[in-house]
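In the part that follows, the structures are each spelled out as C-alpha cells.
The two complexes that follow have chain A in common; it is paired with chain B in the first and with chain C in the second.
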Partner chain A sequence: MSRPTKAPDKAPDRITTPITGGVGESPLRPDGTLKVKGEFAYSSDLWMDDMLWGATLRSPHPYARIVSIDLSGAWQTPGVHTVMTYDDVPGEKLFGLEHTDQPVMAHEVVRYQGEAVAIVAADHPETARRAVDKIVVEYEVLEPLTDAEEAVFATDAPTLHPGGNLVRHLPIRRGDQHATADVVVRGEYEVGMQDQAFLGPESGLAVPAEDGGVDLYIATQWLHVDQKQVAKCLGLPNDKVRLMLAGVGGAFGAREDLSMQVHASMLALRTGRPVKIVYSREESFFGHVHRHPAKLYYEHGATREGRLVYVKARMFLDGGAYASSTGAVVANAATLGVGPYEAPNVTIDCWGAYTNNPPCGAMRGFGAVQAAFAYESQMDRLAAELGLDPVEVRVRNAMAEGTTMPTGQVVDSAAPVAEMLRRVEAMPLPPAAPTDSYDLRELPGGVSNTTHGEGVVRGIGYGIGIKNVCFSEGFDDFSTARVRLEVIAGEPTAMVHTAAAEVGQGLVTVQAQIARTELGVERVTIHPADTQVGSGGSTSASRQTYMTGGAVKAACEKVRGLLLDIARERLHVEGQLHLDGGKIVSDRHGVLADLAEVLGDEVIDETVEWRHRPTEALDPTTGQGFAHVQYAFAVHRAVVDVDVDLGLVRVVALDCVQDVGKAINPDAVVGQIHGGSAQGLGLAVMEEIQVRDGKIRNPSFTDYLIPTILDMPPMKVDVLELADPHAPYGLRGVGEPPTISSTPAIVAAIRAATGLAIPRCPVRPEDITGTA
Partner chain B sequence: MKPFAYTRAHTVWDAVAAVSAEPGARYLAGGTEMVNLVREGQESPDRLVDIGDLPLTEVRVHGRGVRIGALAKRVHEHPEVRRRLPVLAEAGLSAASPQVRNVATPGGNLLQRTRCHYFRDVRFPCNRREPGTGCAALRGVNRNNAIFGGSEHCVAVHPSDIAVALTALDAVVHTHGPAGERVIPVEELYRLPGDEPNRETVLDHGELIVAIDVPPTPFAARSHYLKLRDRASFAFALVSVAVALDVRAGVTHDVRIALGGVAPRPWRARAAEDALRGRRFDDDARAAAGEAATTGAKPLPHNEFKVELVRRAVVRALSEVEGR
Partner chain C sequence: MEFHKPRTWPEALAIKAEHPDATPIAGGTDVMVELNFDVHRPDVLIDLTEIAELREWFTVDGRYRVGSGVPYARIIDELGATLPGLAMASRTVGSPQIRNRGTVGGNLGAASPAGDAHPPLLAAGAEIEVASVRGTRLIPADEFYTGVKRNAMEPDELIAAFHISPADGPQQFAKIGTRNAMVIAVCSFGLALHPSTRTVGTGVGSAAPTPRRAADAEAFIAGELDWDSPLPLRDSVKRRFGELVAQSASPIDDVRGTAGYRQHALSVMARRTLGWAWDEYRRNR
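Right after this comes the complex of A and B.
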C-alpha cells in the first residue's frame, strides 16, 4: 500500500513574537461576555420588520403512505400567505449530505415520525402553526421497520428505499482470519440513541433578493454544503443562494444536515417576503439527526500474557429513515473498531441500515463512540479473565507511533497511548467516600437525601478512545481563508474572512490568535462567516482549528511574504526579513521600520485554499487503505460512588489525559475536554432518546435528561503537547476524543463497584438494582 | 394555541368569581406549569385569571401548626419549616431547579399535571386529557407510570414532591370556591383515575387553594424525604418516600409513610405504617415495613423495577430518619 507523502508544514519562524493574544495564549473570546450576559444574538433572534413566519406540518407516523393532502383549511386561514408541499419544490426534490435520498417534503410516503409534509408562511408564528393544524393528510399507516439488524438481513423486511435497506457495509480484514487464541472473551453491547442537545433550536431567516436569489441567515455547521443543497432544491445557481452564518447555539453534529433551510427559502421566494422559521424545543428533537444507536458483537482473543491475537466484531448502526452521514459513521466505527491497540488479526464488519426510526447522522465522536463502548468493555473483560489490572492489559496492547492500524495504515505521528494510561493512573485519587458528616451533594442521590453512606460502593474504571481528525477516505477536504492587511487610523489591522462556522467551540478566537502570531499585528477583526468567500468545510470531525486554522496560517504567510517584498522594495534592502512585534526586522541590521510605515496606504488582500495531506479510499472488500489524516487520543479515569441498593450513581472524579499536539488556546482546549467529558457522562448514565415503534417518547428537556452541574464532578485535566509534524503548529483536533473515552470509563467504574456486567448504556437505576 | 383573555385578580373572591363564571377560565399563579400546558396544547383556556397579586404569600407559625400561603415562594427555605417540618423542606428543595422554585407556588405545585409522556404529547390518545380516547401508556413506554392506584383507563403518576411530604404530615388545604370555604386533607384532594381519569381532584371548577395547614403532630419533627431519580437534580421522582416518625422508648408510637412517583396521587403506605406501629423500631421492623409498602403493587411491563425500589427506598428512608 502506498502512503501519500507531503512535506510537513513548518512551524512559523518566530512563534515567540512578543504579541499578546497569539498562538498558545488564551485571550478572551469575543462572544463570551455577550453569551454569559444573554446578549448574544442567536439565529432565533433574527428579525426583519416585514418578515413572515414559517411553520412545518410533520408526519405523526413513522411509516405511512400518503393517500391525500387537503390544504384548503390552511389556505383559508386569515394571515396565511402561502402553503407549499413536495409539488412546489422548484428544483431537485431530494437532498442529502452524502446520498441525495431525502425529499424536501414527503412524497407519497413518510419514512419517519416528524418528516416534513407541508409548510406554511403566515404573518404570525401562531397563525402559521394554526394553519398547519388545519391541513388534513390522509395516511395509510404501515408497519414500521425498527430494527437495524432485521433491516439488513430479514428477508421479509419491507424495502424502505429503492436501493434496499443497506446504507453501507464495511468489512475490515487484516491478518489471519482463522487465528485462534488461548484466552477468548465475547460480549454483546448496546448503545442508546443520544441527542446532541444543543440549546439553540434550528432557526434561520430567508430574504428574497432582487436578482431572484435568496439571502439565507442560518445557524449551521457548514455554509457551503448547505448552499449547494439549497441551490439545487431551489433550481438556482449557487451564486444566487448566499448564506450568512447567524448566531449558532451549539451544534455537535446536529447542524450538518439541512433542517429548515430549503423550506424558509421556498416560502421567501414564493411570497417575496423575508421568512423566518424557528423550531420549538419539541420540534427540534424531530428536526435533526441523532447519534446512531448501536448493537455490537465482539470477540477478543489473547495470549495468556494478555497480548491481543485477534479482534472480531459485528456492528449494526441504525441510520433511521435517511442516510445522512451514516456511511462515514460506519467507516469510523469499523476502522477504529479495535481501539488504540495493536491487534495483528482483525475481522470487523459494520453495517449501517435504513429503518423507520428517527434519522441518525453526525454527533461528536461519530461512530468512534459506539465502538469504544464495546472495545473498552471487552478490554476490561479480558483483564478480568486474565486476572490483570485494567490499565496493565491496555498498556500491554497500547498502540504507538509506527503501529499498523487494522486498515494497514501506519501511524506516523505521536500516539502516546501507554504514557497517557500511566499518567491518568498516577493522578491522585479523590478521598474515600465520607462516612459521617459531609456535604450531601457529594453522594449518590445528592440533595435527594437518599443516603448518608449506607449502601455506597466505590468503583474505578478506565476508558481510552481513538478518533480520526478531519475528513477521511480520500475526501477532498479543504478550507479557504482570506486575510487582508492594511493600516487603519495609523494602526496595522488584519481582517480574517472565512466561511468556517463558529458553533461555540471558539474558532473565531483561534483565527485571530493565528493572525496575530503570523503577522505580528495585535488588532485583528474577524469578518462574519458567509459564502462570499470559499468553503471552510464542516465544523465537525474536530477539524476546524486544523483546517481553517491551517488556511488562516497559510493566508497570513502569503500576506507576510508580500509585505516583506514591499519592505525590501521600499527600504531598499536585500536578504531575509522578519516581522516581529509590528516591526520589520532584518537579520543583519535589526529593526528597520514599523509595519505601518512600510505598508502605508497599501492593502494586501489574499485568499488561500488549504488542504491537509490527501487520504485514500478504503478497499471495499478488505477495508485497507490510508484513510485517516490524523489520530487523536484521550483517556479517562472515572471514580464513581454507587448506591447499590437504590441504583444511584455519583461520578466523583472524571480525570482526563489528552494529547492535543499543540494547545493553540489552552483555556479553550480544557473547555472542550470538560464539555466532551460531560457529554460522555450523559451517555453513560442518563441521555437516551427513547424510541418505541419508531416514535420518540421524550422530546423535551424535561424528559430527555442531560447532566447538570450536580452530576458532573470537577475534573483534573492533563494536556500533552506532542507535535504532529503533518499539522499546522503540530496541533491535533481536540473536540471529540474526550466524548469517546468518558462513557466507557464511567460504565467500567460502575461495573467495578457493582460486579454487574452492564452491557448497555446509558445505565439506569434498574440496571444496577437488578430489577429491570 | 387558542387566543385567551387575561385578567389579574385583586382579591380572592374576585378571582373565584372570575374563574367560576366561565367554564373555560383557569387560574394562573407562578406559571411554570400552566404556561407550558397552554403552549403545548394540554390546556386551551378561554381566560387566565392571574392570582399573583393575591395576599397569599405568608408562612405563619401559630398554635395550630404551620400555615403556608398558597402563593408562598421557596417555602423549603423558611427556618421554621426546616426546623419543624424537615420532610417538607427536603421535598421542596428536591423539586425542580432554583430558577423554577423562584417563581413556582405551593398551590400550583399541588395541582400540577402528570408528566406521563402520553398526556404531555397531544398526538397520543389520553383519557386524562381527552376522555374516551384511550390510554397510550398502557401499551407504550410505561417505565415512569404507576404501580399503585391505576386503572385500565389511566396509569399516570402525580409528579409533586411536596404533596407526598404534606400527606405524611396530615396536612390539609384550605379552599375558597363558589360554594364557600372548605378544608380538604391533601391525600383526599386527588381522585384515583378509575373510569374518569380527567377528573383529577375533588375541587369544583373555580375552587381555589388559598393555604396549606400543617397541624402540630408528634411525628413531624422526625421526618425525612427521599427521592430517587435519573439525575441528581431537576428531574421527577421514579420513586420517592416521605416518612414521619414518633418513636418512644424504641417503639414506634405513630408513623406516616407516603410514596411519590408510583401512583396517581401521593400514596399513603398504610400497610407499611401498620407494620411499624406498636413495634420496636429496628431493622426487622423496617424490613417488614419495606415489604408491606409494596402490598397491592401492580407493575406494568416497563416498571417492575419500581416495586423493588419502593421496598428498598422505604427501608432506606426509615434508616435515614432513625439517625435524626
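Right after this comes the complex of A and C.
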C-alpha cells in the first residue's frame, strides 16, 4: 500500500508515553496532561505548508427547489483554486450510514437548513468563505414539513424521499394485547433536540496521493465506515482511500456520519493539493446530526399492589431530512421502551420519520434516552396514583437476570436493578440548605444573585435506565486488533495497532492496560489508528472496551500462546507457563527465564478479528428476537433546589449506582459516569437546539447552553462489578447508561419540588413559572 | 482594514474625527466576536488599549471617574466595596477570562440591551463622559441609550469614562440566566437606595429595546419608604414595586425567553432586591 509522501504536522504519532497499570488499575492517560495544558494536537491543528482551505455553501432554507446555481463569483475570487457541486461528485452521489439517501451536495432540492450545496478550495480560509458567499443560488422555497407525526400519518404531507416519509416503524407485541388493569396512568411526553456539543468541531485534512488516491486525516468515530462511504463517493477502491485518525475532540455520536470527509477529498483530488476543512462552531451545529426530538404517548396498567400488567406506547422520533441511524435509534427506543421493568403485556410502536428539520442520528443513549424520560415519568405517575414511594414502585417491578424482555429475549447476565435502586436510596442525602446564611454559588441562579433562599424548594427524584451495549439486530459487529511483540533495546515491547477511534473516552489507555496484563510486559506502545489494519468498528454503543478491548485481549492471547510455544521449545519444559513482569514463569518451577532472552530477535505479530456473540434480527411485525448483546444499567438520585418563583434550578446532588461488570480502568469508569450524568443534566434543564419552521434559532454556545462546573454538583458514585460471563473480563459497557437515567431523575426532582406535571424536557423557567 | 493604535487620547480623538465610521476596540470581547463571525467589518479599527489613562480611575469632587478601559475584574477588586451594584453585575459577566478583558466602556459602546453594566449605571445615576476633538460632554446614563445597540454619541466621539458616586446606600443587582454561570441576561435588574436624596434608583436590562429606568416604580417606592424610622417593608409594597418595574419593561419573545417570563421575573427580582437592600439599610442604621 502506498503511504503519503509526507505526513502533515500535528498528525498523531505512536503513543510511547509509558502507561503503567494493568487491568483494574487506573494509570494516567497519555493524552490527559497534553489536553489540560492545551498541547494536544486535534484534527483542527493539522497543517501542511502547501495546503488549501475548503469551505462549504449551505442552504438557508429547510426545504426548497434549486432553480439555478451561479458559481462565477466564486471562480472569479482571487485565491480560489476550485469550486465544486453535486455535478462534480466523481462516484456515487449519495451516502448514508443505514440508508444511502443523502447527497454529497444537494441536487435539485435542499431538504434541511444547512445542507451543503457547493464547496470551494482557496489559499486562505477567509478567501474560501468569501468565495462561498459569492455563489448565487436561486431557490424556489417550499413549505417545510416539520412534524414527525404528520410526516408519517398526514395524507397531505409532502413526500420528502422516493420511498415516502417513514424511515422505520417497529412494533413490539408481547402477551395479551387487550389486557386490562385496575390502575391506569397515561402521559404524553416530549424530549427536545439535544446536541452532542463536542468541543472539537468537524475538521480534517485530505492529501492527494501519488497513486491517485487520497490520504485523509480525520476526527471520526469509525474509520472504516468512513472509508467505505468516501471511497464510493470518490469512485475509488477502498485501498486508495486511506484514513488516519487525527486528534478527536469528543464525539458522543455526532461523528458517526460523514461531514466534510468527501468534500475535502474531492477538493484535494481536483486541485492536487492538500485541503483542510475546519467547521466553525456555528457551522458545526449544521454540520452533524443531533439527538432525535421525540413525542411519546404512554399508558401503564398496574395492579393495586403496583405490579405492571401492561405497557402501551406510541413513540415518534423526528429523524429530520436524512435517515442517518434513525432505524437503529427506533429499534432501541422500542425494544427498551418499557425500561428495566417486568411487564407481561407490551404493545409498543415506534416510528422514525423524515421531516425538513435538522437530520438526527446517533447521540449517547441512542433512543434509550427518549424512552427513559417517558417510562420513568410514568413510573412516578404510577407511584403517585398508588400512594407508593417512587423507589418502592420501581423495586416491585424491577427486572432481574432471567427476566423476559418485551422482545422475548431472556436476560442472561446480572441485572441488579432492585439492588441498585436500594443502594442509591440508601446513600446519604446532602445537608439541607442553611437558613441563617447563604452562598450564592450554592443557590439556583448562582452568582447572578436572584435569590438568597426565597422561593427555594428542595425536591428529590429517581431515574433508572437500561441500554443495550454493542451493535444489535444481527449486525456483524467485530473489532480487529494487531499485537506485535519484540525486543527493543533489550526490553520486551508490545505494540497494539487497531483502527478503533479514541475520542476522549480513554480507549488507548485501556488497550495498553490489557496488553500489559495479558503479556506481562512493562512497555506497550500504541500505533496510531488507521485503515492499514482491519476495522475496529464504531466508537459508539458503549462498545469499544468490550469489542476492541476484547480483540486486543484475543490478539494478546494468541501472541502469548506462540511465545510460550517458543519458550517450551527453547527451555525444554512442558506444562503450564505464564508471563509475569517480563519473565516466563512455570506454575511448578517458578521463574524460568527472561521473556527477552527467550524471544531474542524473533518478532511475533498477530492480527485477530474478534466478534461478540451473535444476535438476531427482530421480527418486523412482533418485534420479537434475541436482538441485544448485553444490557447495562445505571440509576440516579437527583436532589434539586428549585426557585419556584423564578423557575431556576440548581442540582444539589446527582448520585449514581452503575453496574460495570468489571472496571478495566476505575478512574476512567467514574469519569464516564460523571460526564454522562452531566450530559443528562444538560438535557434535563438547559440543552436544546430550538427549531422553528425547520430553522435552528440558537446555533452557538451563546444560546445553546451546556452545564458549567457551577451547574454540575460533585457526585457520589457507587460502581458495582457483577461479571457478565459473555463479555471479556466480565465487563459491561459504561458510557451511555448514566446519560439515560440522570435526565428523568432530575426532572422527577423538579416535579417533586414544584408539584407540576412537567411533561417535557429540557425544563425551562417558563415551564415552572407558567409563563411559556 | 485600517488599523490604528494611538498612544495618547488626543491622538485617538484625532483619528476618530478623521474616521467617524471607525470602530473603537478595547477588550475586544464584542468587537472581535463580530469580526470573527463576519457580522461587522469596519473599514477602520482604533485600538484603545495603549492609552493608559483609559485604564485609570480616580476621585473628582467626591465622585469616581472610571476610565472606559478599566476591565470588570478590576472593578470587582478595586471598586467592589464602594460600587457594590456595579461589582455584582460585573461578577456575572462571562467567565474570568472575559472579565479580565471586557470593559464597561465596551458595554456602553455596544449599547446592547443585554449589557450587564447598564442597570447598575442607571440605578446609580451615572454619567457617561464622551469626548471628541470638539470637546468633552457628560451624558446621563438614562439619556445615553437611544435604541437597540444605539447610543447618544456623535460619530466623532469616543467614550472616555463614566462618572459615578460611591454608593450612599445599599445596592443590588440580579440577573436571570438559564444556567448558573456564564450566561447572557434573559433579563436583569439593578437597584440603588439613595438615603442622601431619599430616592431609589432602578435599571432594567434586557427587557426593552434599551436598558431603562423604571420611573413609576422609583416614584412609588420613594413615597413608601420611611428613611428615618425604617420598618420592615410590607409584602404588598414590595409586590407593587415589582409590578411597576415589570410594567416599565417592554420585552419580546426570543430564543432566550418569553416576554411573559421576562416580565414575571423582573417583578420577582425587583421585589426581592428591594427587600434585601432595605433590610441592609435598616441593619446599618
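Everything that follows uses one rule, which is that the second predicted complex is superposed on the first by the 752 of 772 C-alpha atoms of A that agree within 3 Å, B and C clash if a C-alpha of one lies under 4 Å from a C-alpha of the other, contacts with A are read in each partner's own complex, and residues count from 1 in each chain.
Everything that follows uses one rule, which is that contacts are C-beta pairs under 8 Å (C-beta built on N, C-alpha and C of every residue); 3 or more make two chains touch, one makes a residue touch a chain.
On a predicted model such as this, the values are computed, not experimentally measured, just so you know.
Colleague: According to the stated criteria, A:209 is in contact with first (chain B), second (chain C), both, or neither; which is it?
Modeller: Neither partner.
Colleague: Based on the superposed arrangement, let me know which partner A:183 touches: chain B (first), chain C (second), both, or neither?
Modeller: neither
Colleague: Considering only touches as defined above, state whether A:454 meets chain B (first), chain C (second), both or neither.
Modeller: Touch partners of A:454: chain B and chain C.
Colleague: Looking at the overlay, what does A:720 touch: chain B (first), chain C (second), both, or neither?
Modeller: Neither partner.
Colleague: Once the shared chain is lined up, is A:645 touching chain B (first), chain C (second), both, or neither of them?
Modeller: In the superposition, A:645 contacts both chain B and chain C.
Colleague: Would you sort A:766 into first (chain B), second (chain C), both or neither based on which partner it touches?
Modeller: both
Colleague: If we overlay the two complexes on their shared chain A, which of chain B and chain C does A:756 touch? Say first, second, both or neither.
Modeller: After superposition on chain A, A:756 lies in contact with neither partner.
Colleague: After lining up the shared chain so the two structures overlap, which partner does A:708 touch, if you call chain B first and chain C second: first, second, both or neither?
Modeller: both
Colleague: Quick check on the output: what are the common chain A residues between the chain B footprint and the chain C footprint?
Modeller: Shared contact residues on chain A (touching chain B in one complex, chain C in the other): 129, 282, 441, 445-452, 454-455, 645-648, 650, 685-686, 690, 697-698, 702-703, 705, 707-708, 710-711, 764-766, 769, 771-772.
Colleague: Over in the complex, which chain A residues touch chain B? Could you list them?
Modeller: 60, 126, 129, 282, 441, 445-452, 454-455, 645-648, 650, 685-686, 690, 692, 697-700, 702-703, 705, 707-708, 710-711, 764-766, 769, 771-772
Colleague: If we count contacts the way the header does, which residues on chain C are in touch with chain A in the complex?
Modeller: Interface residues on the chain C side: 37-38, 88, 91-92, 172-184, 186, 255-258, 260-261, 263-265, 268-269, 272, 276.
Colleague: Which residues of chain B touch chain A once you look at their complex with the stated criterion?
Modeller: On the chain B side, the touching residues are 1, 40, 90, 93-94, 115, 117, 120-121, 123, 140-141, 224-236, 238, 304-305, 307-309, 312-313, 316, 319-320, 323.
Colleague: Touching residues of chain A toward chain C in the complex: what are they?
Modeller: That would be residues 129, 282, 441, 444-452, 454-455, 645-648, 650, 685-686, 690, 697-698, 702-703, 705, 707-711, 764-766, 769, 771-772 of chain A.
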